[in-house]
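Presented sequentially are two complexes of chain A, the first with chain B as partner and the second with chain C.
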Partner chain A sequence: MRAVIRLIFLITASLLGPSLNVARAEVVVVVDAASGIERLTQDQVINIYLGRHRKLPTGIAALPVDLPPLDKLRAEFYRKLVDKDLSEINAYWARLYFSGKTTPPMQANSTAEVLRHVTGKAGGIAYLDKSQIDPRMRIVYSFPQ
Partner chain B sequence: MLKTRGYLRIGRLLGICAGLLIHPASHAEEASWIDDHLVIKGFGTLGLARSDNDAAEYVRDLSQPRGLTTNWSSKVDSLLGLQANLKLGEQTEGVLQLISRYRYDSSYRPEISWAFLRHDFTPDFQMRVGRLGTEFYMLADSRLIGYANLTVRPPPDFYGPLIFSYFDGIDATASMGIGNDLLRAKLFLGKSPETTPFYGPITWDLDGSRLFGGHLDYFTGPWQFRLAHAEVRFSSHEAPLNALINQFIVTDPFLSTLIPVPINLTTLIPELSMVRKTSKFDSFGVVYDKGPLQVQMMLGRIRHESESYEDSRAGFITAAYRVGKFTPYIGYSKAKSKASNISTIPATAWGPLLVQIVSSELTPSTHMDQHTYTFGARWDFRQNWALKVQYDNVRGSQRSNILFRGTDNQWNGRLKVLSVSLDFAF
Partner chain C sequence: MNWLPRDGIVNRSILITLLAFLVAGISVVTYTSYATAQRATRTIDTRLNQLLDTVQSTVKIACFLKDEDLAREVSAGLLSNSEVLRVTIIADGATLADETRENLAGKSLPTGFQLNTLERKIHSPFTPGKIVGAVRLEPNPEVIAAQRSEDIWLAVQQLAWQLLLVSGAIVTALIVFVVRPISRMSQTLHKMDPLTGSRLFIPPGHENTEIGHLVSDVNQLSDHLVSALNEAREARLAAEAASDAKSHFLANMSHEIRTPLTAVQGFARIGARDSRDPASRETFVRILDAGTHLLGVINDILDFSKIEAGKLAIENRPYHLSEITAEAVSLMTDRAHEKGLELVHRPSPDLPEWVIGDAMRTRQILVNLLSNAIKFSRHGTVTLTILRMEDEIWFAIRDEGIGMTEEEISRLFRPFEQADSSTTRKYGGTGLGLSISMNLASLMGGTIQVVSTPWHGSTFTLQLPCKVASLPHMEEAEASPGFDLHGKLAGYHILAAEDIEANRLILADMLDEAGATYVFAENGRAALEQVVAAPHTFDVVLMDVQMPEMDGNEATRRIREVAPTLPIIGLTAHGMSQDRATSLAAGMKDHVTKPIDPKTLITSILCWATPGRAMAQSATPVILVETPPVPDEPAPSAGMVDWALLEKRFKGKRSFIQNIVRSTLTGHADAAEQLRELAAKRDFPAIAFLAHSLKGVFGNLAAQTSQDLAAAVDLAAKQGDESCMPLAEQLADHIPLLYAEFRQYLKPD
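Our next item is the complex of A and B:
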């Protein structure tokens, strides 16, 4: 009986979970300020982050980076970008990865690593909270409020 | 467990060998280079399913020699895959994948399902060389990865006739941005190294059959459209039709007095031969994927140059809507084939009788005329794990039998399947 109650609790919690998760951060997509890229469209960001077509408007290969798996901003980014849960994003990547098509964005271990990636690598592209942006970076996409 | 460790060791060993070839350096540096460049991941499914009809065995696809009965069985859906990716540069990668699953010889012996080098020449152009998964239809090259798919298994009415899982060859993919949309083209060419179950314990060696095909994808917003063509030119290994027909004649006390066995059927009626004959697969697919809503729809056609298989058409639609961690789905699929037409009559006294046996027993054994209603739900209960429960209701004519194994004379074309699967990726 206790197991049943716990199961019902888990199911209810999992259904309510997303709505209780109040996030106040503003996620933006950034590149190196010297990259020569002014703006990206949402479709371009989707193509880069979902590995469909990793090409920047300057012609060079885009090298996207992901925040650590448990970072709240990561879930918010994919929620805003394609309205998907991280479990759906994982399932999406399992298809492409295990059919050898392409690999997911580089996995950073910390926000500091993301900052190093986007400012240090040609083609580097990242998503961060707006408060973390400094003059070395340029915001190329903001989600509509 | 022991096996898993073995694979990891093999993957690591291969990685180290490749590393030594490419990066001659001191041993200590080598270990860290490997750690930085080699990634080993895996996926699998623990599946249990049963049907409500023992007059035919339900299979996932025709690569499986036996299928489901009214007893719970894990063989149709369970599998384990391990993959090693070795990064050889910003644009180059080597991939090796092993899969253990229920195979044509009823064993679970691991097979190399993928083993290739991929090079991204530019962000627009990619080539792969080695062993590659077949992608005759949209999503077909990932049909074994339960965690990546919504349903327990891809609809057998549509994907069931695919007996080719992988080939040794080459493929090339080109992408082009058109405004905010994306156009992608892929071509592949290679030879099959596989064997497939044919009838009972009799197998058919597909080794050397030539596979060729390609597709065009168009992505716009939440939509993806695909037009695909693939063809197979079978090798000089004849389908084991002779074994089948001789066995049929010998076991019939009446026929065995009229036809002097053994006969060579494909010499007597050459239009039944599969040797150097072509089979063509055409399909059109649409995926709509926006937020919690996912819809997949596909239409396909298979045409065989040989008359030993009936030509067929199939289609399916699956729709799903995610609510929290639950994704309920419904599906409908349908497959129908057209009777073969034998025009050669062997010039012997029993020639017309033989043609009659072929037309009434042999080619109708490749008949399909059925549709399936599918209901199920996927529960993503934790990171990288999904639990699915699915119910399929297959309704067909009693002559619809190629998508099943071991049909007997009680077969009425109808069965229901209940499936539970636990899918994971790690």
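Our next item is the complex of A and C:
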């Protein structure tokens, strides 16, 4: 009986797997562990990612990086950060493309590239799923649950 | 309403409409100005908000990013809207952009308007509720000013169109409905005959308008007016007819009274003259006096009615002043003496000898005033003082009689009024004398003043304008009194037409005394027949006017056709001046009023007729040509004038004869030249006229030869005979010799 219940659970889980995975995924903002930054506020994250103020509290220029455009985590990040769709975010940057001085965050082609960016550069800052975090990185902001 | 144009309803209406529109224009412009400004203020606020809404997302980004470039771009975009004057974008206390419109035209808002600057807080595009900056938009007042001018211009344009349409409509309506009907009415009224009137037609469509009512009222008024005018005319005609009837009645009455009176007077005069018995003579004299008095009363009434009818004509001829006053005094002397009064004539020495005026009327006034003075005095003296007062002559008649109070004086000159009605009973009289005298005086340009103290006497002063006559005229001289009739008409052959036997007898008596020969006719027809039978027999015709069969005027006209040069003198009992005019128009030379005053009649005959006319006329011109005695004897002192006869004729008044001679010399100075001229032109009528008058003049001056010659010329000219020309030449040669003798006579010996 326990085996039957476990089987049903597994089947259900496999069926609902992806969604459950997302639901379970937790976006966090990370920096290089050696950067000396402990925490960032949501405003600070917004300022850095949307170009208003790209300096870390330590005074180093912040270099934000975006996940590839189709990455689900990217949409989730912006949703959680400023409650906007990616199309809205894209429109925002598109407007600034011709007249503004501010540029969008660097565009990474893969998660691996994000990882390299955040660990390899001073001031690098990225958002990742909590599961992808390793000790080279430090979580400076996590969205409230 | 003086400021309105003087002519035309239309002009006035246009002016009023224009003024109304001016007032409307001013209020509309004022209102539009404020309304537009207020509306524009609201509009611009909305507009600015809309503009801000449009750019809000970009502004949010600019503020969020503190991006000055983006902010400037937005500002520029906003400034491209004319409503925006200035854009300020602020982020976190720093000014990102502050752009102001350039090229301001400098138009300003009407005073009292304040435009609000729009300021809006800018929220972060990503964090709701977080303010990242602000935008300030200042509105552009020029937009409002422009809007305002546009609105005002539009309103004024609308108003102008309305003005054009409304005044056009008013003018058209006025012309069609008011002006044209009224001016048509006015034209009709203007052409209207006031006697028959004429009806105005109500213009079509105006039956129930004010114009229609006006036309009806005017028609009614016109009817009333016409009937009133006709009534007035009828009344006037009736009054005139009545007045005419009165005049006729008076004339007839006076004729009816005068005719028998003429007989009474005439016979009384004959009786007084021929009576051997003093008692009978006294009786005749009394009849004569009573008749004279009655005649005076009739004359008074006649005069008064003439004055009332305005038909009394005043003569303006020279007369001898002192003779007239002396005559008036002498006429009244007997009466004064009868009452035991003394009558004193006191003329001032500086009086002119001859004055121009109406001798008869002046004497009439004086006699009237003197007779009043005598009538109302019981004792003392009546004085006639004559003074020259600058350009007037004053005749002051003072008595010591009963006198009058002021109140009595004030009623004095009213007709039929005496100082007291008891006076009439006591003193008699018609009460017309003073009224007539006053009227005569004012007709002569003078007046009568009265000063009186009751019971002490009165002074009546006749004041007449003094016109001094330079030279007495011959006629006046002849008419002057103191004239002895005896033998005056010697040599005259007279035809007298008179239907009443008594009058014929009196006339015969007078003519006998004057030494004339005469023939009587009993009416106009008989007289005409006598003249036709022998046209050159008579020197003069005396013609009674009122006769049976053919009256004097008709007979005169007929006789003039037969014998145009035969002078005719009318005799009539009619004293009215229009009768005189009728007689003169018929061809009479003069007009003597009955009862005939011998002196007047003889003066008239002497004036108009020449004795021996018959003889001169019957002498044929041929004989005169054959025996031209004058040109062959050019002796100036040959005695062409019978001076002895002349002096006898004028009772030795040498100065008087000299006057006649002088007036002849001046009056016919160029007679000889005229004769030659007319003879050269063969102007027979003019020669006849001149010769005829010369004949009379020479006859008067007892120049027999000259008179005969002139008569021959006259006759030949009238007959159109060729012998006229040599005769005229003869006369022309003769005249200077005659004049030389005249001048000789004038020389002081």
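To be clear about the criterion, the second predicted complex is superposed on the first by the 120 of 145 C-alpha atoms of A that agree within 3 Å, B and C clash if a C-alpha of one lies under 4 Å from a C-alpha of the other, contacts with A are read in each partner's own complex, and residues count from 1 in each chain.
Throughout what follows, a contact is a pair of C-beta atoms (placed from the backbone, for glycine too) under 8 Å apart; a residue touches a chain by one contact, two chains touch by 3 or more.
Computed from a predicted model, the values in this text were never measured in an experiment.
Annotation: superposed three-chain arrangement on chain A; chain B versus chain C shows a clash. Of the two partner chains, chain B and chain C are each touched by A:Y92.
By the touch criterion defined above, A:A61 lies against chain B but remains apart from chain C after alignment on the C-alpha atoms of chain A. Of the two partner chains placed by superposition, only chain C is touched by A:G51; chain B is not.
Legend: residue contacts after superposition of the two complexes on their common chain; A:P144 is shown touching neither chain B nor chain C. In the superposed model, A:K84 lies in contact with both chain B and chain C. The partner of chain A that touches more of its residues, comparing chain B with chain C, is B. In the overlay built on the shared chain, the residue A:D43 is in contact with chain B and with chain C.
By the touch criterion defined above, A:G100 lies against chain B and chain C together after alignment on the C-alpha atoms of chain A. The superposed model built on chain A shows that, among 2-10, 20-28, 128-136 or 380-388, the segment of chain B colliding with chain C is 128-136. Common to the chain B and chain C interfaces on chain A are residues 43, 52, 82, 84, 92, 95-96, 99-100. Contact residues on chain A toward chain C in their complex (touch as defined above): 43, 46, 50-52, 81-82, 84, 92, 95-96, 99-102.
Contacts from chain C toward chain A in the complex involve residues 58, 61, 64-67, 69-70, 73, 125-127. Here chain B touches chain A in the complex through residues 41, 43, 81, 83, 85, 90-91, 93, 95, 97, 114, 116, 118, 120, 122-124, 128, 132-133, 135, 139, 141-142, 145, 147-149, 175, 177, 180-182, 184, 219, 221, 290-292, 322-326, 380-381, 383-384, 386, 425, going by the rule given at the top. For chain A in complex with chain B, the residues that touch the partner chain are 14-18, 41, 43-44, 47, 52-55, 60-62, 69, 82-88, 90-92, 94-100, 103.
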